[in-house]
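Shared between the two complexes below is subunit A, which pairs with subunit B and subunit C, respectively.
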Partner chain A sequence: MIFNPAIIMEKLPEIGSGLMVTLILWLVGIAGGVAVGFVVATVRRFGGRMINLGLGTIVEVLRGTPFLIQVFLLYYGGPFIGLMLDPIPCGLIGLTIYSAAYYSEIFRAGYAAVPPGHVEAAQCLGLTRLQAIRRIQIPEMALIVLPPSVNLAVILLKESAVLSIITVPELTATVSAIGSQQYAFLEAIFLLAVIYWVIVELTGRLGRLAEHRLSRLRFANA
Partner chain B sequence: MSLPAIVIKNLVKRFGDTTVLQDINLEIPEGKVSCLIGPSGSGKSTLLRCLAFLEESTSGMITINGEALGFFENANGKRERLPSAQIRAVRAQTGMVFQQFNLWPHMTALGNVSEALKTVHKLPRAEAEARAMAQLRKVGLENRANHYPSQLSGGQQQRVAIARALALEPKIMLFDEPTSALDPELTGEVLNVMRDLASEGMTMVVVTHEIGFAATVGQQISFLDHGRLMFSGPPSEIFAKPRHPRLDQFLDTYLDRGASMLV
Partner chain C sequence: MTLKLFTLLLQAAVSTLGISLISIAIGFVIAIVLSAAILSHKPAYVFSARLFISFFRGVPLLVQLLLIYTLLPVIGINVPSIVAAIVGLSLCTAAYQAENLRGGFESVPPGLIEAAEVTGLNPQQTFFRIRVPIALRLTFPALINEAIMILKSSSLVSVVGIIEITKMAQDLASSTYLPIPIFASAALIYLVINSFVVLIGRFAERSLGGASA
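On to the complex of A and B.
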């Protein structure tokens, strides 16, 4: 095998479109996962016991099964319950559900890490339960969960490669197809690794910057 | 003599099988500084938390300026919980200061002090902040208004916490070991703020290990041990010799640490 990156470079427009699909899948997966995960964690925290148990079970099943299997079930099992999805919508929904399960756990831990005394102080000052949740518990939780949230975002980017299996034309599918056509598989895989790594690195730096900026808003005493 | 600010009657608090407070009866006089002292686990903090309604008593009654806190006795003599709006109204008469300060880390000092004025009292932002600023001035932290708790020393944080409670103009201030989380150098600035407050005639209930503060500023000293109120009275009586042997034993541990003004 001759290592020749030039072969790949001829296909830049295709690679660009694969990258775009991956970025869209990723960002929608994060946004959807954060939104759904936040609602799930908040309802679990402040709703009743039964609701907590029910949602908790769903979250555990989603966290306890491989993403690949979930995607297969959604893509090939969906039609049996009348859910016919094209690869991209299927990928978006699958990634969102998977990411929501993990984000909800991060937020759950975040809520648990808010010192009870901060809520007691709010009660003593006459804030209602809802006001304390909105003004104290949610903002404090949001600051606590920043580092693990960035970490999960990075994991999701890498997991999105799994969607190539159900023919979503994302980065991994596109580049590895080019590699096969051009008999330059190793070059293609190498390029993939570099692209993912660059995005991960940038995300990590952005996360650390945000953490640094927000550090003075965190615990003064604990 | 004016009516007592707080009346505690037959108060019992149990956590599961453990009785933390056994039949407490105590009247806290208005405009005075009342100190709760006693060894760890004696129930003094739990008693204070009952007064703040952070703990709900198992039985007995607490009355704050004549109004029942949390529970009332119905016509059949059964204890019933009051509606939450009413509980909040009675609680509004007290302000609470915690050992761990419990400032909200995502808000500045000014934000912490003005928060309840905005969300609870619905004051416009400018007015809430002006009032908050006046409280910060009172505790000497006007120039720290825009600092976040993480940028303040422990003593400063506790002074902000005091300002936050005072901003709602409570009639009674409750202090739960307000200096226990501070190193000795920072304890003084918090105690000075509390002394100023006492001299203004604020009714104060202070759970403290600062026996010196209790002896010099306290006007009523209550000694708790194993969930019982052993005795209560003015410091001149409580600390005068001959003392109750249990108190003597308790104070000995302090004398070891240099609280020699009591000898």
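On to the complex of A and C.
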């Protein structure tokens, strides 16, 4: 076998569209996961014991089972309960639910890490409970939750490759299909690995930059 | 969903457990080498170890498995697919475990090492009696986390045709048209295994004396 990357280069437009699908899945999965996860963490913190227990159980089930099994359940099990989903929406929903479970835990830890004295002080100064959450708790949380959030974003990008198994036309599915058609499977998988590697490295760098900016911002205001 | 189907899933769980445990053990050994390379502060060693860790943490496990699965025969190594799967999982977990171990070794309080030297322990004794036990204790919770990650990630080896819980569930679901009960049972089995690992971890941590020691 001769290693010939030129074969792959001819298929650049297709690879580009696979990359777009992966990036969209990834970004929507992060945005949806952050939004739902934040709501879940907030409801768990302020919503009473039974709600906390119920949501906590769901989160633990999602965190304790493989993403692939969750996706299979949604994709193959969905039609039996009237939920017919095409691969892409199914992937989007699956990735969002999965990431929401993990983001909710990050936000939960974030809530727990803000010293209660700060919130009490805010309330003593006459801020309402909602104001104290919005103006004190959330800004303080931002710095605490940023590093694990970036970490999770990286994990989600890598998990999105799993969606190729239910035929979502994302990067892994596209590039490995090209590899089989062209009899250049090894080249294709190498390329695939490099693309993911580059995105992950860039994300990590961006995360550290954001962390740096945010901590400077905080000290400037203090 | 009959008892027979559930029994088949349970039998497949043995394979999931075996693959995961072997991979974690091999990964741990590779991780020791990697973290030693980084802690050696020799530029060439540090660079190679960092490159390895960055690659295996930066590429999806599914892609790593496909890569190893295609690469091994090309370079003339013909092994059963289960071996390729274990190699893939081991290399991936090694990268994560190496980072944990390095962190553990770096967080051993320098005062303790100085104290050991002052007490008259030689460098070897200091390493094996002071640094290693403390670093292992500090990294133990991370090791348990990693074990759970690998147990879940091992579901991906179904892609290269190895019969474990996920592959068995997939086959049963397509032959019985009962995807919901079958995948839900598979999820339950994973959940029970992972809960056990967490419990064992807590128990072991307590008998190790916790991170406070």
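By our rule, the second predicted complex is superposed on the first by the 215 of 222 C-alpha atoms of A that agree within 3 Å, B and C clash if a C-alpha of one lies under 4 Å from a C-alpha of the other, contacts with A are read in each partner's own complex, and residues count from 1 in each chain.
We adopt the following convention: contacts are C-beta pairs under 8 Å (C-beta built on N, C-alpha and C of every residue); 3 or more make two chains touch, one makes a residue touch a chain.
Computed from a predicted structure; not experimentally measured.
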Which superposed partner A:Q123 touches (first subunit B, second subunit C, both, neither): first
Subunit B versus subunit C as contact partner of A:R216, first or second or both or neither: first
Which superposed partner A:Q181 touches (first subunit B, second subunit C, both, neither): neither
Which superposed partner A:I136 touches (first subunit B, second subunit C, both, neither): first
Which superposed partner A:F80 touches (first subunit B, second subunit C, both, neither): second
Contacts of A:A193 with subunit B and subunit C, given as first, second, both or neither: second
Subunit C versus subunit B, contacts on subunit A by residue: C
Touching both subunit C and subunit B, counted on subunit A across the two superposed complexes: none
Interface residues, subunit A side, partner subunit B - complex: 115, 117-118, 120-128, 131, 135-136, 139-140, 143, 215-221
Residue ranges of subunit B touching subunit A (in the complex, touch as defined): 52, 54, 88, 91-92, 94-96, 98, 100-106, 115-116, 119-120, 148-152, 154, 157, 161, 164-165, 168, 181
Subunit C-touching residues of subunit A, taken from the complex the two chains share: 1, 60-61, 64-70, 72-73, 76-77, 80-81, 154, 157-162, 164-165, 172, 176, 185-186, 189-190, 192-193, 196-197, 200-201
Parts of subunit C lying in touch with subunit A, wherever the complex brings them together: 54-55, 57-64, 66-67, 70-71, 74, 148, 152-153, 155-156, 158-159, 166, 169-170, 173, 179-180, 183-184, 186-187, 190-191, 194-195
